[in-house]
């Protein structure tokens, strides 16, 4: 297994972990932070797959802008997920 | 060849650091801890990108890292603003 | 070398998103679930276009004769990322409007429309 | 009711992972005529060094127009939803 | 090069341009905005009709975007690399439906929407929705189809949430948005799987390559799931009554046309994209049983409704069941002798449904505007003031239930006839559904319009009556001369799906 493949697998695992955290966490702000982290790692995965344009778009739109929208929505609503 | 391999191994170590950061993201009791963990991941991703750009020997990929570094702080900024001002 | 693991990871992301949609009741959580499905599909598209030992399809500074990864899926993904952002923005705007009226984000408590 | 949901979800996810297993092996995409054409001719035809850019803005420019329309739609929709209404 | 060669792209680009420019004109003056909207609407309709005439007289029209000449569809080597718009008989027919509905909705909107409630934004979204529908119907490229699908989803959901001063529309819109987005993403996943197999996105080229492997079946399943979710067939119909009931009347009507555009996508996938390998009757059985189930569930739910909007909405969902039943019969066996009749019935019913349900929804909009509520228990005696509206509602109700002199009967007869050949049970269910619908709508008519006068109601303005009059005229024309419409419009469309796959492929790929 080459270094590249190891990096690839680790990044994918981290993405899935981040996504699972985004689902599991009850604090919505924390969930959004986990989602942003997953998005950043996704950007790294795109980079590893030789897609630099998509990596930039994902970092700019998927991570930054989407997180900003989520935070704005949480600010206008409620932070905790009720059970 | 050796240089490329060493750059690759360095990148792998960076990804190992990311694992630790994700751990903090998972357990971090407050949202501030998690925000810092995310920002650390952010920095580590930029580092990894630069190292891999060197490993692949492609200048274009280093440009990606620069643009990424310019863009990705926005989310941290928004979260920090929220944490400082509170709900309103 | 790593088999079809990347594809499986995409499908796990999509499955996680679907599970969120089915099991969670918070409107923002539902939006997060949809974002996760989107990310899974985007990763799937880019993964489809990867060629072993390929380089990014940019001609600046590349030696002639190298294999390049396929450009079309990357172009499609660029479009789909923007579409996903637009969808998320609109869904969160709906959530905000619902919260203004009902004061809660819990889908079980807001269900006025039945049957 | 909950178990019906879980069962349906497991079915769909199994279906999808089956799809992933049946896909062509990772890293060996099909003999893509369209992409081969793009890689060979894009630099000369569209005049851009970045093939992805030439695909986005030239060969599949209509999709990009649609993407702009989607963005416009979202902006108008959010403006419609968060507007001040007289009533 | 004349205007005639550019008809397909103009029909999509003009409403898009109209949408982009409308907010600017609205800032200048109200009259300018209305004139612009009317001009764009009229021009779009003219384009669509001219295109339909061209397609029906000369065959499939192909337009390549960005090539040196629109006719140059394939690169040297025989594979398409650019996005093509491919308009065959079915696409042209669907375009006519969209144009009819869009025109009526636009005329209605001028006086229905109030100035201080965000009228320019709603009109902008309407134009985007219209452009998206036409794009879905005319495009010949799978990814482009997805992009237009998303345009219609977003515009439609924003329109559903138009009444922000109430809480229910936003809720309906959120629900609809979630289901639409998941449906759209399933479609995108299927497109990705097909791309991963064949490295192409063009419908005709993919159709010539698809061999029916396991992955193709998975992609077909995903496409079926996504598009049925968007069309509002039964397992995923929860959004439809909410959305139709809560959207403003003129938007609810366009939403019906939008579900039909998704159904068109489904037919395109079943008969053109997978037309070469679709021998398995399982898909046909699935579509037929979903159609029957949709029909039954929706009609039974309609009986229970107390809200006029939701009652009509369930009526609209039940009509989707008839369409699925009609066209599903064709997919059942490879080439049954009743196939063409069933196809004609299903396709003719799409046009009828657009006109009748649209008319009913517009009438319900007038009722709500006049009485301030759509609750059946609180309504009554409106017929004294709303004579025309009551008449239109009555006409629409009869046509929807399939009473002989009207158009619903013509198309339902074709469906009954062909389904009887397969199983009399299906026919019995379909007839039962119609009878129940008649009962439901008779009760609704009686409850809303008849009885003693309860309140002063403001009669509908002329523009809204004109919009309803257009639809009523279409209903009457199709009811009185069904043979003419079936022969000149429906049969070419049905043939385009039933046996026109080779022509479609040849028009794009050449040879």
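First chain written, first letter: the chains are A, B, C, D and E, and each begins at residue 1.
As a working rule, contacts are C-beta pairs under 8 Å (C-beta built on N, C-alpha and C of every residue); 3 or more make two chains touch, one makes a residue touch a chain.
Quick caveat, the model's predicted, so the values are computed rather than measured.
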Review point. Can you tell me the least number of steps between chain B and chain E, where a step is a move to a chain it touches?
Key: 2
Check your understanding: So how far apart, in whole Å, are chain C and chain D when each is placed at the average of its C-alpha atoms?
Key -> 10
Review point. Taking each chain's centre as the mean of its CA atoms, how far is chain A from chain C in angstrom?
Key: 10
Exercise for review: Return the distance between the CA-based centres of chain D and chain E, expressed in whole Å.
Suggested key: 24
Point to revise | Numbers and ranges of chain E residues touching at least 2 other chains | key: 143, 147, 150, 154, 157-158, 161, 164, 170, 189, 196, 199, 201
Check your understanding: For chain D, which residues are shared contacts with two or more other chains?
Key -> 16, 19, 23, 29, 32, 34-35, 38, 50, 52, 60, 63, 66-67, 70, 73-74, 77, 81-82
Revision key, fill the gap. Multi-chain contacts in chain B, i.e. residues touching at least two other chains, fall at 60-61
Review point. What are all the touching pairs of chains?
Key: A-B, A-C, A-D, B-C, C-D, C-E, D-E
Study note, to complete from the structure: In the complex, chain A touches chain C at residues 1-2, 5, 8-9, 12-13, 15-16, 19-20, 22-23, 28, 31-32, 35, 38-39, 42, 45-46, 49-54, 57-58, 61-62, 65-66, 69-70, 72-74, 76-78, 81-82
Review point. For chain D, which residues are in contact with chain E within the complex?
Key: 15-16, 18-19, 22-24, 29-35, 37-38, 58-63, 65-67, 69-70, 72-74, 76-77, 79-83, 85-87
Review point. What residues of chain E sit close enough to touch chain C in their complex?
Key: 143, 147, 150, 153-154, 157-158, 161, 164, 166-168, 170-175, 177-178, 181-182, 185, 188-189, 192, 195-196, 199, 201, 241-242, 245-246, 301, 304-305, 310
Check your understanding: Can you list the chain D residues touching chain C in their complex?
Key -> 5-6, 8-9, 12-13, 16-17, 19-21, 23, 25-29, 32, 34-35, 38-39, 42-43, 49-52, 55-56, 60, 63-64, 66-67, 70-71, 73-74, 77-78, 81-82
Study note, to complete from the structure: Residue positions on chain E within touch of chain D in the complex are 16, 19-20, 23, 65-66, 75, 77, 79-83, 116-118, 121-122, 124-125, 128, 131-132, 135, 143-144, 147-148, 150-151, 154-155, 157-158, 161-162, 164-165, 170, 189, 193, 196-201, 213-215, 218, 221
